[in-house]
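In the two complexes below, chain A is the common chain; its partner is chain B in one and chain C in the other.
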Partner chain A sequence: MSQSAGSNTRNSIIALLFFASAWCCLFFVCPFHLIYKEQLTLFLCDKAYLTSLLAKPAFAAVIAGDFLTQFFLYRFAAATITVLISLAVWDGIRRLWKRDGLHNAVLCALIPAAACIALSCHTEYPLSMTVGAAIAAWMAYGCSLIGNKTLRAVATVAAALIIYPLAGAHSLLFVVLTALHERKRISAALGILVYGVAIIGIQGYAYNLLWQDAFSYPLIRGYSYKHSLICLIVELAAAGAFAEGFIGKNRIAVSCSAVLVAGGIICLQFDAKKEYDLKVSTLAYYGKWDKVESMGRENRFKSQTAAYYYNLAMARQGRLPDELLNVYQPLFYGLFLPVTMTETYSKVLAGADALIECGDYGQAQHSAMLGMTFMPNQRSSRAVRRLAEIAVYNGDTLAAAKYLGMLDKTLMHRRWARQTKALVENGTATPLNSYRDTIYFINDYRASLTNILDSGNAPAATLDYLLCYDLLIKNLVLFMQDYDRYYLPKYPSIIPPRIYQEALEMMEAGPEYNISPEVKSDNQLFLSGQEYKFPKSYWYYFKYAQPGNEN
Partner chain B sequence: MHNPEMKTRLLIPLICFCILVSCNPAGKVGTASKAPCIFPDYTEITVPYNIAPLNFKFEGASAMLLDIKGEHNYRFRSSGETMKFPLRRWKAMLAAEKGNTLTLTLQAKAEGKWVCYPEFKWEIRPEKIDSYISYRLIEPAYEVWNVLSINERNVETFDERILAANSLTGRSCMNCHTSNRAPVQTTFLHARSAGGATLYQRDGKIRKVNTATDSTAGAAVYGEISQDGRWGIFTTADIRNGLHSAALERFEVFDDSSDLILVDFENNTVTDSPLVKGPEFQETFPCWSADNRTVYFCRAEALKQPEQTRQMHYDIYSISFDPQTGELGDEMVKIFDAAARGKSVSHLKCSPDGRKLLFCASDYGTFPIWHIETDLWMLDLQTGEIDRMKETNGEFADSYHCWSTNGRWICFASKRDDRVYGRPYFAFVREDGTTTKAFVLPQRNPNFYLTTFKSFNIPELYDTPEPYDARDMRKFYFGTETEQMTYSR
Partner chain C sequence: MKKILSYILPVLIICACGKGPVLETGTLPELVPDIAGVTVPRDIAPLNFKVAGAERVKVEITAGGCRIRVSGSFADIPVRRWHRLLSQADELELRVCARIGGKWYGYEPFGITVSDDAIDPYLLYRRIDPGYELYARMGIYQRELNSFKETVVFDNSKVSPGCMNCHSVQRCKPESFQLHLRGNKGGTYLRGGGLPDRVVDMKNDRTLGTVYPYWHPSGNYIAYSTNDIRQSFHNVPEKVLEVYDLASDIVVYDVRKDEITVLPLLADSTKLETFPVFSADGGTLYYCCSERADNFADVRYSLMAVGFNSDSCSLSGEPRVIWQAEGKSVSFPRPSYDGRWLMFTVSDFGNFSIWHPEADLWMMDLASGRARPLEELNSPDTESYHSWSSNSKWVVFSSRRIDGRFTRPYIAHIGEDGRFDKPFLLPFSSPEYETLMLQSYNIPEFCSGPVSIDKDLIYNTERKPITVR
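Let's turn to the complex of A and B:
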C-alpha cells in the first residue's frame, strides 16, 4: 500500500510539475498568442447574443470558452485559464482511467492534456475547444460511474446525443474514452465508436456543417489550420496514452511521451515571428509605445509589423523622417499595411492604426471592418473598439452608439465604452473628419493623404507619412511635388530632416530648400564611390533597396 | 407545517402572487409626457394582421404592463425590459382586431417607480403581407465577403431557415435572391465564382444557368423575371468601387460600363438591343411592368469614373417588350428626369397593379445602399407625379425595396438605426398610393439587432416558401451541370 501511495505521490508531483512547466511555457514563450485570442472574440453578456449561440453546435463550450477568453486580456490570466481547463481535461481522463485500472493513469492522462495545451498555442485554436474536451472527459467519466451495464449503455447513448451540441468536435473524445472504457466488450466498444462518429456526422449535417467542419467545430476550418482533422490530435493522444498505459509501464517513458506530444505539437505549429508580431501589435493596441519603439528598433525577425509599428511610434513623436532609415524598412510596406486578398486579417486590422494617425478615417474604417470580417468568427473586441473610435472621429454618433453599446455588454471593455460614450455625450470628443469629399481607390494612399492635407486640418503625422511614402516608393518627382506643395509653405525657413535633404540634393534642389553643406559634401562622397560610409542614407536606399518578401 | 408537501402548496401561490405584484403597479403611478422610447420604434404604426409578435424593449424597465384597447381589451406583462408577446395570444388578438386600430398604454417600472406613458396606436390592416421574406445576411464589409447566407424568414412567426450558405459552397458570393411573386412562383439567385451561375427555380425545379456569353458584357446582375417565368431582364455591368474621404460617406460603387440583357429561360438564349447597350450610356436596374409588356430601366450618360461619379445622374426610361417575339421595342421613352431634380435613380420596382414605380433616389451614382441620403420615391405611372414618401423614409439609406404580392405592402432595407447595418422595414401602401410609417421586421428578442454585425441585404417578399434549403443548394451548386446560354441576335 505504502509503495503504491508513494508511487501515486510521485506521479502527482510529476503531473504538477508538468502543468507548472506548461504554465511557464504559455506565460513566457507564447503569451501573445493567447492574448490575441481575446482580440479575436467579442463575448457579450446579452440574452439575444447568448441565444444566438444556442443555435450552433458546442454552445456550452463556446459560451464558457468565449466568456473565459475575455480575461486573456491579462497575460497571467491567459496562461492560468488555459492550464486550468487543460487540468480539468487531465483530471477527468485520469479519474476515468484510474477506474479502468490503467497503470500510471495520472501520467498517461497528461498526454491528451499536453495535446490540449500545445494546440492552445495557436491563435485560432479557441479555448472553447479545450472546454469541449473537458466536457467530453467528464461526461465519459460520469458514464463510467454507472455500474449497471445496461444503464451505462443507455447513458452513453444519451450522452453521445447531447454532447455534440454541448462540446462540438471534441465529443469525439467522449466517444474514444467510452469505447476504451468498454474495451473488454469489443462489440460494445465498436458500437460506441460507430454510433458516436455517426451521431457527430448526422448532427453536423443538421447544423448545416460539412463533415470536415462537423469534426472540427468550434475550430473554424480554412484558416491557419488547413488540415480539417487537426483537432483529432487530442483523441489520438488519448488513444495512444491509453495504449501506452498498458504497454509501457515505465513512468519515465509515459512522462516523456507527454512532454514529447506537447513539444512536438508546439514545434510544429508555434511561430516565433508571429509571436513577435502579435506582441508588437498588442503593445501598440495597449498604448505601450516605448516598448513598441524598442522592439521596432531591434526588429530581430525583420518583421513588417514591427517596422510598421516602429514607424507609427516615430510618427507620433514627429520623428518619422529622422528615424525612417535607421531601422529595417520593408519598402513602403512599413508605412501602410495594404488591404489585399492575400493579406492576413491581423495585418489588415492593424493597418487601421497608421491610417487613423494620418487622419484617413475612411480607409481606417475599411481596414477595421475587413479585418473583423475575415476573422474566424467575424467578431473582434479590438476591431469594434477601432470602429467605435473611427465613428467618433467621423462624428458618426449612431454607428459609435452601436459599437459602444456592444462593448458596454462586455466585461473587459465596458469601462472604456462608457468613458468614450461620456466623451461623446458631453462634447469632449469632437469629430475630426471635415475633409472635402473625394472618391479614391482602396490602398491609394497618396490620393487620400493629399486630400487630407488639402483640407488644411491634417494631423501632424500626415505630411511625414506622405513624404516618406514618396521616398520609399522611390518616386522623387512626386516627392518634390508634395514637398513644394505642402512642406515648403509650412516650414519655409527651417532645415528639413536629413532624409528630405538627401532626396532634395538628388533632385538638385535650389538654396530655398535649406540643404545643409554637410549633406551636399556627403552626397559628393557617396557619388565618388564611398557609399559604404552612408549605409543609412536615402541615397543608399534609393540605389540598393529592392522589393523582396515584405512579410 | 413540517410537512414538505404543505410547504410547497403554500410556496407556489406565494411565488405567483409575488410575480403578479411585481408586474403590477401598486399605489402611485407617475405620468410621462413623452411617448415611450421603445426599441424598435413600434409607436404609431400600421401592421398587417399576420405579422409576428412585435416584441420590443424599453431600456431600464424592470417590469412592464401593456394595456391594449381595441374591440376587446388585452393586457400583457413583462418582468424585465423586454416585452415578449406569446405567439398564440398575439395571433388571436390580431385575428380579432383585423381592420381595427388598437390603442396601447404602456406602464413601466424603473428604479422602483411605475410610470404611465402616453398612449400610442397600432392600425391592424386586413390586407395580408406575404408570409415569407428572404434576405442576405452579410457584414457590410464594402466589396468583399467572408461568411454569408441567404435566409428565409416566416414573417408570421420567428421561424427562419437558411436557403443558401456560402460555407457549403466554397465561400462563394451569393446575391440577389428575387421572386416574381406569380401564382406559380419563379425565383432566382446568383452564385458567383468558380462553379457559380444563376440558380433559377420554377415550380420546384432548379436549374443552373450561365448567362454570360461572348457577345455580352458578362453575367446577369440586377434584374427580374417575368410573371410567366420565361423572360428575365437583367443588367450586365463592369462594377468597380472606391472609398469616400468625407466623414459620413463611406463607399462608392460604380459601373465602368453597364448594359441590359434579355434572357429567355425557355430557349436558353440571351439577347439585347442596340438601344440598351453600348459605351455612350449606362443602363441598369431594369424591371418589368405588371403586364410584362414594358421594361423600365435606369439610364445615364457614361462619364469617366470615379472622377465624374458625382455627375452621374440616372433617369428612368421605358422600352416596350413583345413576349410573343421576345424582342425589345425600337424606341425608348424617358419617363422620369431625375437629373433635372438633381437626383439619380436606381432599383426600379413596378407595383403589381402596374400603377406605381418605386425606386431609390440618391444625389448621384448607382449604388444606393452606401448613400445615406437615399430615399424611396414613388412615381405614379399614369400622372407622372412623384411621392417622396416622407412618412416612410428614414434619415439614412432606404433602399433595396420590393412589393408584396397584393401590392399593399412594401419591404425595404433601411440603415436609419445606425447608418451602417441594414434592417428590413415594412410599410403599408394606402388606397391612394401613399405609404405609412415603416416598422422593422420583429425579432424574438429585439436586442438581436443591437448585437449582430450582419446587415440584412436585399429583403424580398413572397408568399410561397422556397422548395429548397442550404443542403439542396449545395447539391445544385456542385452537382448540377450548368446550362450555357447562347447569344441570339
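Let's turn to the complex of A and C:
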C-alpha cells in the first residue's frame, strides 16, 4: 500500500515538474506565439455576439477559449492559462484512466496533455481547441462514472450527440476515450467509434462544413495548418498513451514519451524566426519602441519585419536616413510591407503602421482591413484598434464610433477605447487637413507619398520615407527629382544626412546641395578601391546589394 | 374605452419605469436603429431597438386594445406577440422609458405605421468584408423577413475560397436565378429558361467577362454588362476606394439557348456602357453610358434608353439620353415592376457609387420623365444599390448611414403619389448585432421564396460552354 502511495507521489511530482517545464517553455521560448493569439481574436462581452456563436459548432469551447485568450495580452497569463487548460485535459483523462486501472495513469495522461501544450505553440491553434479537448476528457470521465452498462451506453450516445456543438473537433477525443473505456466489449467499442465519427461528420455537414473542416473546427484549415490530421494528434497521443500504459509499467518510458511528444511537435512546428517577428511586431504595437530599436539593430534572423519596425522606430525619431544602412535592410521591403494575396496576414496588418506614420490613411486602412480579412476568423483586436485610430485621424467619426464601440465591449481594450472616444469628443484628437485628391494603385508608395507631400500637410516621416525609398530601389534619378522638389526647398541651408550626401555625390550634385568635404574625399577613396572602409555607405549598398532569399 | 386607455396608459408606463421618479424629457428617445415614424409591412420581424446610452429600457407598444410590454437592455420584442399586434393594427404607438446614468427618463411616444401592402417574404444578399479586391470568405444568404432566420444559399468555404457575386433573380422569383462564381470553380450558375440548372462558362474571346446582370420580364434573357474593372485608392481621408472600368459593353444572354448576343450599338469602344436593365414591359433597355476620359473624375455616366425586341433579341431605334445632370453620374438604374418609376443612384463621378459618400438615390416618373432626389430616403452618407419588391410597393436599398463603412439594407414603402415613407433598417434580433458585425450586406434583392442551389453542380460538373452570336 505504502509502495503504491509512494509511486503515486513520485508520479504526481513528475507530472508537476512536466507542467512547470511546459510553463517555462511557453513563457520563455514562445511567449509571442501565444500573445499574438490575442491579436487574432476579438471577444465581445455582448449578448448579440455570444448568441451569434451559438449558431456555430464548438460554441462552449469558443466562448470559453476566446474569453480566456483576451488575457493573453499578458505574457504570464498566456503561459499560465494554456498550461492550466492542458492540466484540465490531463486531469480528466487521468481520472478516467485511473478508473480503467491503467498503470501509471498519471503519467500516461501527460502524453495527450503534452500534445495539447505543444500544439498551442502555434499562433493559429486556438485556445478553444484545448478547451474542447478538456470538455471531451471530462465528459468521457463523466460517462465512465455510470456503472450500469445500459445507462452508460445511453449516456455515451447522448453525450456524443451534444459534444460536437459544445467542443468541436476534439469531440473525437471523447469518442476515442469512451471507446478505449469500453475496450473489453469490442462490439461496443467499435460501435462507439463508428457512431461517434459518423455523428461528427453528420453534424459538420449540418453546420455546412466540409468533412475536413468538421474534423478540425474551431481550428481553421488552409492557413499554416494545411491538414486536418493536425487535429488527430491529441487523439492519437491519447490512444498511444493508453496502449503504452496498458502494456508496460515503466514510468521512465512513459515520462519520456510525454516529453518526446511535446518536444517532437514543438520542433516540427515551432519557428524561432516567426517568434522573433511576432515579438518585434507586438512590442511596436505595445509602444515599446526602445526594445524595437534594439531588436532591429541586432536583427539576428535578418528579418524583414524587424528591419521594417526598426526603420519605423527611426522615422519616429527623425533618424531614418541616419540609421538606414547601419542595420540589415532587405532592399526596400524594410520600408513598406506590401499587400498581396501571398503575403501573411500578420505582415499585411503590420504594413498599416508605416503608412499611418506617413499619413497615408487610405492604404493604411486597406492594410488593416485586409490583414483582418485574411485572418482565420476575420476578427482582430489589433486590426480594430488600428482601424479606429485611422478613422480618428481621418475625422471619420461614424467609423471611429463603430470601432471604438466594439472595443468598448472587450475587457482588455475598453479603457483605450474610452480614452480615445473622450479625445474625439473633446476635440483633442483633430483630423488632418485633406490632401489633394488623386487615385493610385495598391502598393504604389511613390504615388501616394508624393501626393501627400504635394499637399503641404505631410507628417515629418513622409519625406524621409520617400527619399529612402528612392535610394533603396537604387533610382538616383528619382531621388534627385524628389530631393529637388521636396527636400531642398524645405532645408536649403542645412547639411543633409550622410546617406543623402553620398547619393548626391554620386550624382555629382553642385555646391548648393551642401555636401561636406569629408563625404567628397570618402567617395574618392571608395572609388579608388578602398571600398572595404565604407561597408555602411550608400555607395557600397548601391554597388553590392542584391535581392536575397529572405522573405 | 380608447379614451380611458389613453389616460391610463401613460400612468401605467411611468409606474412601470421603476421605483424612482421619472424625468419627462418631452423629446423623442435617441433610438438605435431609428424606427420612430417608419412604415412597415404586416409580415415583418420585430423592430428591436435600444436607446443610445441607456442601461435599461422599458417599452410599451399599443395598438387598439392590445399591448406588449418589454424591458431589458434593449427592446427585445416577442416575435409571436408582435405579429399578432401587426395583424390587427394600422398604427402602433410606442412609449419608452430609459435608465441612463441610474436615472429614469420618459420620452414622447412615437408611432409606427403598418401598411397593408405585402412584402416578399425573403431578402437575398451577399455578406462580404468591405469591398476590397482581395477577399477571404463570403456567402450569399437569405433572410426571412418575418423572423430573424438567416440561411446560407451558398458560401465560398467549399470552393477554396473563390469570389462570388452578382446574384440575381427575375422579378423576385427564385425560379429564375443566376450567380457568378470566380476562381478555380468559376462559372455562372443558371436556373431558368426551361432548362435544368447548369453552370456555364461565360468566358469567350469576343467579349469581356460578364458582370452586372438583369433579367428580362419574360425570363428568357439576361442583359449583362461586360467590364474590365480596376480598383485604386484615393489620397484624401474622406474617400477610400475608387472602382472603375477601363472598358465595358453590354450583351444579352439567351437563357433558353445558352447563347450570348453581342449588341454592336452597345459595344462602342469609345464609350463605357454598363448596368443594363429591362423596362417592366421588356420593350426598353435602360443602361448607363459615359464617354471615356483620361481623368477618372471626368467619367460621368448618363442614363440611356434604347428599344429592345425580345422576339429577335435585338435593339430597335437609336439610344437616347433620358437623364443627365451637370457634374453628376448615374449608376444602378432599376425600374419598378409596375412600370411607373425608375430609381437610380447619382454620384459625382464614376459608376461604383458604394464608395462615394455623396451618392444618393433619385427616382424618375416614367410617365413624365421628371426625376427628383429621394430626400426621404437619402442620408449624408452613401446610398447605393436598390431593388423593388415584386408588387413595386417596397424598395430595399444599401446605405452606409450608420458608420460610413459597412453597408446595411434599409426598406422603404412607396405611396401612390411616389413619395416614400421613412425607411427602416432590416430588423435584427439585437440592435447591437449590426453594429458588431464586420461585414457588409451587398446587393439586397427581395425574393418571393427561398432560393436553393444544387451545390453538386458547382463542385462536380463540367462548365457548359456558350455560343456567341
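Here, the second predicted complex is superposed on the first by the 549 of 551 C-alpha atoms of A that agree within 3 Å, B and C clash if a C-alpha of one lies under 4 Å from a C-alpha of the other, contacts with A are read in each partner's own complex, and residues count from 1 in each chain.
Definition applied: a residue touches a chain if its C-beta (ideal position, glycine included) is under 8 Å from a C-beta of that chain, and two chains touch if they have at least 3 such contacts.
Not measured: the values here are computed from a predicted model.
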Quiz item: Superposed on chain A, are chain B and chain C clashing or fitting side by side?
Solution: clash
Quiz item: So, does A:130 touch the first partner chain B, the second partner chain C, both, or neither?
Solution: neither
Practice problem: For A:257, decide between first (touching chain B), second (touching chain C), both and neither. | Solution: neither
Quiz item: Between chain B (first) and chain C (second), which, if any, makes contact with A:203: first, second, both or neither?
Solution: neither
Quiz item: Touching A:401, do we find chain B (first), chain C (second), both, or neither?
Solution: both
Quiz prompt | First, second, both or neither for A:171, with chain B first and chain C second | solution = neither
Practice problem: Identify the partner contact of A:409: answer first if only chain B is touched, second if only chain C is, both if each is, neither if none is. | Solution: both
Exercise. Enumerate the residues of chain A that count as touching chain B in its complex and touching chain C in the other.
Key: 44, 46-49, 51-52, 208-210, 213, 222, 341, 360-363, 365-366, 369-370, 372-374, 378-379, 394-396, 398-399, 401-402, 405-406, 409, 431, 434-442, 448, 451-452
Practice problem: Report the residues of chain C in contact with chain A in the complex, numbered from low to high. | Solution: 73, 129-130, 132-137, 152, 155, 157-158, 160-161, 231-242, 296-297, 381, 402-406, 428-430, 432-433, 435-436, 438
Practice problem: Would you tell me which residues of chain A are touching chain B in their complex? | Solution: 44, 46-49, 51-52, 205, 208-210, 213, 222, 341, 360-363, 365-366, 369-370, 372-374, 378-379, 394-396, 398-399, 401-402, 405-406, 409, 431, 433-442, 448, 451-452
Quiz item: Okay, in this complex, where on chain A does chain C touch?
Solution: 44, 46-49, 51-52, 208-210, 213, 222, 339, 341, 360-363, 365-366, 369-370, 372-374, 378-379, 393-396, 398-399, 401-402, 405-406, 409, 431-432, 434-442, 448, 451-452
Quiz item: In the complex of these two chains, what residues of chain B are touching chain A?
Solution: 82, 139-147, 162, 165, 167-168, 171, 241-252, 306, 309, 396, 417-421, 443-448, 450-453, 470-471
